[in-house]
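In the two complexes that follow, chain A is the common piece, with chain B as its partner first and chain C second.
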Partner chain A sequence: MFENVIADLLRVDGVKGVAVVSKDGLLIEGQASDRTIDVENVAAMVATIYGTALNVSKEVFHEEAVDMVTLESPKGKIITVEAGENAVLTVITDPRVNLGLVRIYLKRNAQKVASML
Partner chain B sequence: MLHGRYVEVVTSFSDPLDLGGRVREGYLHVAWRDGADLKGGYLLVREGEIVGAIAENILQGEVLKGEKALNEILTAVRKGLIKAVEIYEANVDEILEEHPSARVEVDDRGTSGERDINSLLLLLREHRGNVEVRNGPKAWGIYVEKGRVKAARTLAGSGERGDRAVKEMLREMGKIVRDGEYTTRGSLEFSPGDAVEDGDVLLEGLELLREKQRIEKGF
Partner chain C sequence: MKGAKVVERMNERSEEMATEVTNLILYGIYKVLGAGARGLGNSIGEELLHAMMEEYGLNFEGSGDPQELLNRFTDVMINTFGFAERGEIDVEGNRVTLKLDNPMDLHALQLLEKKGMKPVLYPMANAIAVAIKKFSGKNVLIKDIRVHDRHVEVEMLILG
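Moving on to the complex of A and B:
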């Protein structure tokens, strides 16, 4: 069902994997162009990171809302945005990806996911 | 990725190609899984007609344009692999300037021998209505909806109706493609006895014939 979203994001240079994940950590749909990425495992961990970020936001900013969570490592980035009430959309990228472009595509596709769920 | 203004994503449809009428000019973006592959495609539309197509294998990076792309996308449509369609408004002429080989033309009339079998396949897949096929003294009338034959009868010759008329036409298909004529113009009427049950057989037969021709030409 989310093939369009996944295809759109995988076309962006440097994006190696895409996943639509329920907030409780279940992979709804995903695909990686890099075979070493286990999308299902990533899905569970991303939901945990996102949930923790929400808690931090609540503690620090007194508001349980997060626009975007970015994990940066020397080997790459994982960027996650909310996609409707019950899901998040996440991408796994190369370290030198065009972050601005990825953000635009993530936001645009998160809206599509939200409207489809 | 083509430029354009995102309009909506549609997940509930009977035929994704019908959605082309929702924008005066633009494209439909589709994607589907084909085994382990993830494929995507763009159908450029103007006034409800498909005027261009681009298909790509997302993971392999291979891109097809024009009739080959349209065939790829229409095959996915026919197999029911497309679950969502994104609709975009866009300037189709600009896109076709950037991707001139994406252009497709579906003629509604001609001599089969003047074109390759792809043109007839495209016509049958795209068309919704009557098609009259002639080959020498034999002639058939069919009613087709996006590749599926709903009714058929002979207009001249044996007097076969329904599935038997389609099968008779299929037996003659090699000659029809080589020497015959077909048109979507003119009026035909069908009666209940002309109903076709095995509506996919004509397109499947034509696809097989195309494969046979490819093999004979040595690809």
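Moving on to the complex of A and C:
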């Protein structure tokens, strides 16, 4: 269903994994080049992080809206954006990825996912 | 100060109290995580389905049709677990609405709404979603959870 979205994002230099995840934490579709990553487990965690970020935004800014959630670790980044009412799109990257480029690709593909759900 | 005291139970265990404590735990999770609680839904659904199949010996295998899975699951939920007084499934294309009359968690959901928190996860619906994914390969999104005075409605979307 989302093969093109996943392939498009995996083409970006430094992107190691992509997942389309329902906000309930269900992995709809995903792929990771690192076989040690349990994508289903990560999907549930990503959905929880994104949802919790929404709650923080509601508490602090009085608006339940988040453009993007970025988790930065010395070993890499996980970037998540909303993909419609019921899903998020997330990528796992190397630490030195071109963030600007990843953001452009993420936003573009999130719109595609949203239109298909 | 040092000492020990042993308290032994003298009365029957109160299921009502246990339900109340569970409801309060649910409320506490919602209070901190808010929409983040929704992300827990699939994992809770997996565990619930696992318990239903492994511990209670319920078998959903061989039922690859989402509609049939929905019917069997609802039957088990009502007649085996007594989770609600009555269950009704309404299917319209790929959109499914599950209506449960007086479910066990109605009070917890009403408490959340009273505090201005919209319920975002529903373990029984999450378990149904996991069962459909496991046995038919189709993904299920939980679109909406509506809480009424005497019943709860969960709207789901089965993806192609």
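Rule of thumb we're sticking to: the second predicted complex is superposed on the first by the 117 of 117 C-alpha atoms of A that agree within 3 Å, B and C clash if a C-alpha of one lies under 4 Å from a C-alpha of the other, contacts with A are read in each partner's own complex, and residues count from 1 in each chain.
To be clear about the criterion, a contact is a pair of C-beta atoms (placed from the backbone, for glycine too) under 8 Å apart; a residue touches a chain by one contact, two chains touch by 3 or more.
Please read all numbers here as calculations on a predicted model, not as lab measurements.
Chemist: Assess the superposed three-chain arrangement around chain A: do chain B and chain C clash, or do they fit?
Modeler: On the shared chain A, the partners fit.
Chemist: Looking at A:73, would you say it contacts chain B, chain C, both, or neither? Reply first, second, both or neither.
Modeler: Neither partner.
Chemist: Between chain B (first) and chain C (second), which, if any, makes contact with A:1: first, second, both or neither?
Modeler: After superposing on A, A:1 lies in contact with both chain B and chain C.
Chemist: Quick one: name whichever of chain B and chain C touches more residues of chain A.
Modeler: C
Chemist: Can A:36 be said to touch chain B (first), chain C (second), both, or neither?
Modeler: A:36 contacts neither chain B nor chain C.
Chemist: When the two structures are overlaid on chain A, which partner does A:11 contact: first (chain B), second (chain C), both, or neither?
Modeler: first
Chemist: So, does A:108 touch the first partner chain B, the second partner chain C, both, or neither?
Modeler: First partner only, chain B.
Chemist: For the superposed arrangement, tell me the lowest C-alpha distance between chain B and chain C in Å.
Modeler: Superposed model gives a least chain B-chain C C-alpha distance of 10 Å.
Chemist: Jot down the residues of chain A that show up as touching in both complexes, chain B in one and chain C in the other.
Modeler: 1
Chemist: Which part of chain C faces chain A closely enough to touch in the complex?
Modeler: 32-43, 45, 120-121, 126, 129-130, 133, 139-143, 157, 159-160
Chemist: Looking at the complex, which residues from chain A come into contact with chain B?
Modeler: Going by the criterion above, the answer is residues 1-4, 6-8, 10-11, 31, 33, 108, 112, 115-116.
Chemist: Tell me, which parts of chain B touch chain A in their complex?
Modeler: Spelled out, the residues of chain B in touch with chain A are 1, 6, 8-9, 11, 29-33, 38-40, 58-59, 83-86.
Chemist: Applying the document's contact rule, which stretches of chain A touch chain C when the two form their complex?
Modeler: By the definition above, chain A touches chain C via 1, 22-26, 28, 43-55, 58-59, 64, 85-87, 117.
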